[in-house]
Amino acid sequence: MMRPSMRKSNQMRHVSLETCVNKWAEGSCLIKMGGTQVLCTASIDMNQPVWKRIQNKTGGWVTAEYSMLPRANGTRKSRDSISKDNRSAEISRLIGRALRSVVDMDALGRHTITIDCDVIQADGGTRCASITGGFVALKMAVQWLIDNGRITRNPIREHVAAISAGLFNGELVLDLDYDEDCNAEMDANFVVSEHGQFIEVQSTGEQHPFTKDQLCTLMDMAANAARELIELQKQVL
Amino acid sequence: MMRPSMRKSNQMRHVSLETCVNKWAEGSCLIKMGGTQVLCTASIDMNQPVWKRIQNKTGGWVTAEYSMLPRANGTRKSRDSISKDNRSAEISRLIGRALRSVVDMDALGRHTITIDCDVIQADGGTRCASITGGFVALKMAVQWLIDNGRITRNPIREHVAAISAGLFNGELVLDLDYDEDCNAEMDANFVVSEHGQFIEVQSTGEQHPFTKDQLCTLMDMAANAARELIELQKQVL
Amino acid sequence: MMRPSMRKSNQMRHVSLETCVNKWAEGSCLIKMGGTQVLCTASIDMNQPVWKRIQNKTGGWVTAEYSMLPRANGTRKSRDSISKDNRSAEISRLIGRALRSVVDMDALGRHTITIDCDVIQADGGTRCASITGGFVALKMAVQWLIDNGRITRNPIREHVAAISAGLFNGELVLDLDYDEDCNAEMDANFVVSEHGQFIEVQSTGEQHPFTKDQLCTLMDMAANAARELIELQKQVL
Amino acid sequence: MMRPSMRKSNQMRHVSLETCVNKWAEGSCLIKMGGTQVLCTASIDMNQPVWKRIQNKTGGWVTAEYSMLPRANGTRKSRDSISKDNRSAEISRLIGRALRSVVDMDALGRHTITIDCDVIQADGGTRCASITGGFVALKMAVQWLIDNGRITRNPIREHVAAISAGLFNGELVLDLDYDEDCNAEMDANFVVSEHGQFIEVQSTGEQHPFTKDQLCTLMDMAANAARELIELQKQVL
Amino acid sequence: MMRPSMRKSNQMRHVSLETCVNKWAEGSCLIKMGGTQVLCTASIDMNQPVWKRIQNKTGGWVTAEYSMLPRANGTRKSRDSISKDNRSAEISRLIGRALRSVVDMDALGRHTITIDCDVIQADGGTRCASITGGFVALKMAVQWLIDNGRITRNPIREHVAAISAGLFNGELVLDLDYDEDCNAEMDANFVVSEHGQFIEVQSTGEQHPFTKDQLCTLMDMAANAARELIELQKQVL
Amino acid sequence: MMRPSMRKSNQMRHVSLETCVNKWAEGSCLIKMGGTQVLCTASIDMNQPVWKRIQNKTGGWVTAEYSMLPRANGTRKSRDSISKDNRSAEISRLIGRALRSVVDMDALGRHTITIDCDVIQADGGTRCASITGGFVALKMAVQWLIDNGRITRNPIREHVAAISAGLFNGELVLDLDYDEDCNAEMDANFVVSEHGQFIEVQSTGEQHPFTKDQLCTLMDMAANAARELIELQKQVL
């Protein structure tokens, strides 16, 4: 049984990470995974978020916003529907949780870093690409804080990356593209830390329930893929 | 190591399901899991949803809406913030996916069933309670369609229930209440079918990454709990 | 001429008031008047409302919010239309005015009490039930302030209750249910104080103008009914 | 005891009605009651309202929209707060009910008449002035329909006018201006038909409860004033 | 070649400016240019705008808001569409820029003046009428500040007025009314200072490109017309 | 007197146009003018816009939407403020008018082409870059319609390009970058057709009024620059 993309079941698409793609942002990375392209920028605000100030909390914060350009997909979406899109808000929350999980908020000081993930072209796996590319932008912004004497200790504990996987035509496969994703029986997203532990597992079988064993196999595949992605992150940073 | 609720690690809170709690709705169920209370109603619209009609699709649809009353929690939330709450939208999508996964949309005919899950009192696990109670309301509404001669074949393939679990004080525990949830190192939600397969797994370790083995153990605990919940559903239907 | 509800013209429906129905709220009351059910909670904010602070005013404030659950009626309402509903806003203002009329704002201290009236099931007279039940929740919250040493003097001057009435099939009748309300020639709502005076009279004859004498007769009927409702309030407090 | 306006207790302010003040509208009237100025226009839509078409109802509809210009008052209001103003929505509903009460919707044919009441300058009693002036615009629009052969029978059954009254410094007084309204113990609005019956009575004693006798006296004063206002309407039409 | 309005190519419509048309506003002017009527009020806020305070800037600010009444045109516009109208926002920005260009913000002190331009009746050239009439209201408000001892030096450097022009039936004409505007091949708006210089030129040839010479001729015509308008402003101030 | 960019007064920045940058869109162009980068995509809808269908009009339509990514500027903008930004709406209208001015709507057939102009990086002149780049995307989409047999006749009458200019330090200069724009005494935007005529002239002297001669000189400079830009467009198409 062949995948439409002709890839082997545990084969990711070609991945590239380009840094310094925005002259204004304190960190930026354009990630391409096959046809998927996400522009990630990190913006530093020299303040805590309002809710931390009100609650008299210490330390900083990392947050993320994910959005599609209107023609990132085969069919144009109106900007109005994009700005009210619950799916985007859900993905933004996922990216934020993933990136915060590797940051020591006290070491970050009273700064807020916002990671914007704007999908230039979508072809499956955009939320995972956003996490992998967003981490690169985040790390550059943290380096900016260190270089500018705003903080003294590196608040990033370890790298983080994410990868999708699923059940397609009865086979467990890695990194689904758009065509595969549309026809998958079950799909999952894995956020994995540099030490090979899991930060988030989201697995949905709306079309088809799945077994514990299937999910466990996918977790192994995802851990291997994440290791490769983190290797790439280290090369460009 | 004791849980604040004094329960054993694999012990659910007391669960009750009361049906026919709304004189207008085609199906209704008030579910209580400890201090958590969710009022679930099923409303039948004798039409397909608009998007199905536009796309010329066959069959019906099941959708869900989850919301909190302003004082469901310790601190009052403004109605304005409730109506724009992304977390509620995310949970609504989860409940809808969970319920749709056990329904044959063609057998449902050109009807739309909306499951409203209004949290009267929140004490942890509200999204799981909404799925378990919402299924009861859904099944009553489907029975209404059969009793009124609108459909001939039962579109529900099997029962579905949901349960939370997590890592609390280093121990894997079932059905976290609010106090436990606030201090959990990792928490997860499991939607399980009558045949013991998984429809959705969501596991987050923002505070603490987790291992494959931990998630697999929780999946076993959740499968057992779901069996009990489905037994209760059958008793009241 | 018989009423659809078989009640005598000056007969109210069965009324019950249940307190302490919410574990978080400082006051709560579930009121049932026939098929009408309204959950009333009182939430204390340990501050003046923002507008009082800006204007440097003394004392506290009482405000109310009235809303329907989507399936409180025979036909489901979308949450979107509920949150923008002008009728609900108008009723919220009425409930707030009614409850404030019996409270000494200076004796209340710099606290804001919000009364949420969520209609679980609607069958006519929901705004009046909200006032009658909301007063119970309010009085409990005031007692909470006294018990917790936040205020020393009881700011509540007297009880308040409300009742609907109207012209149905040429007859002046009390406490219209949904079926009667739909076909009434004229309908009115009366907010009455413990001393038998009127705090608000709203009378509308869109279908049929009415005379001074008719309104005066209804005012007498309402005053009697309010006396009974206030008696019930005292029993549960 | 003198009123700030030096008027006798049952004395209205000077009232003027100017018609044909808008070259586009099918009916228009600028009403001035003392310092209060409201521009009323009637716009005909050659269709039923959407909700009537969906429900397959016969006849036409009359609706009203009340709004303040930003500087109609002593303090400027932002347009944003105006467009979300619940008080304006409540008054719009009142004006619509009042005008509909004298129109035979079937005789109006499948037309929708919208009465816009824009308060140019506010000095108390704007909602009552809107009803009195809005009726003039409405009647002109109805005449336009007759003159253009769109309808054959006059759908207006009788005139309607409105007037405010209240309790000021212990005295029952008519037609409160802004200064009096701010300090009134109780205030009321009366919509009265040409035959001297009541279409709407709204009476509020937030500062001070009131008695049945007080309201009955005000109803007599309002009926007399309405007779004068209707006389003026007839003069300009 | 005749204009529909029978005017000569460089002839404006009859213009009138009436001041003190609002008892509350610090400045007000009703401008009529043929069938176009705009009510301009100036409201003083005794504070800088928020954005100036945040940025620690000196001096005051002048801003403008332009809006249509629903029936200012041949067809009624819904208030909802008015409040979201991008064209109105664009015109508001134009009016604000035009008025600010003649004000010394430091001499204005820490005050914000808002010029509301509400179009009572539209018949072409409403944005230009708003600038010409708005300046009159602005100057009155500035005089109010001087008369009340809030500022000592007149912050207004010179008068400003605006006029439309365009290409109609191949002829360059001044001050287009609605009928001419609809059929113009090109139209332009000119904001001109008392010294005959230009503050804003907006020229659009969506139907028909235009030449440099055409625009230059229109600029001469506009400068002449502005001189007349400024003469009228001086007469009423 | 030197420009900060060291350019001569009539020297544009380096311009590049890259086509086919989006795999889904029917036309796409990434334009770079110095530090300004705008991604332009053309999306074809196989229908007339709704308003044309309702009004029974013939032919197609071209519309444009301009937006900034949150970190296109030195300071991050919130997505919320972006989606409500009046300046963006004003620019979108300008781009749409400019592109429509060279298209024969009847020859376009019943299609709607939407040009999305998303500013990836802003450094002055983004609206002009959007028009110049948007035209390239538009022309590619028109070619797509021809190649796919949807239309037979080329609806594009001529090329169109746009360029900014202004008065900086007393000197008339072309193509202002961000630093120059911030300090310009007057700035202008010119939309110029292939035949050297003007489609739109917008010139603002909020800081400083300007003379007819100054604007006329800028129009000559703009016409020359547009000729170069149109030459570049032809090279990439």
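Letters are used for the chains, namely A, B, C, D, E and F, taken in the order the chains are written, and counting of residues starts over at 1 for each.
Rule of thumb we're sticking to: a residue touches a chain if its C-beta (ideal position, glycine included) is under 8 Å from a C-beta of that chain, and two chains touch if they have at least 3 such contacts.
This one's a predicted model, so the numbers in the text were calculated from it and none came from an experiment.
Centroid distances built from C-alpha atoms place F farthest away from chain C.
Distance between chain centres (mean CA atoms), chain A to chain E: 51 Å.
Spacing of chain B relative to chain C, judged by their CA centroids, is 33 angstrom. Between the Cα centres of chain A and chain B there is a gap of 28 Å.
For chain C, the set of residues that touch two or more other chains is empty. Interchain contacts close the chains into one ring where each touches exactly two others, per the touch definition above. Starting at chain D and stepping first to chain E, the touching chains follow one another round the ring as D, E, F, A, B, C. If you check the complex, the residues on chain D that touch chain C are 86-87, 89-90, 93, 97, 100-101, 193, 195, 197-207, 209-212, 215-216, 219-220, 223. Note for the complex: chain D touches chain E at residues 22-25, 28, 35, 39, 41, 43, 45, 65, 67, 69-74, 76, 79-80, 83, 114, 116, 118, 120-121, 123.
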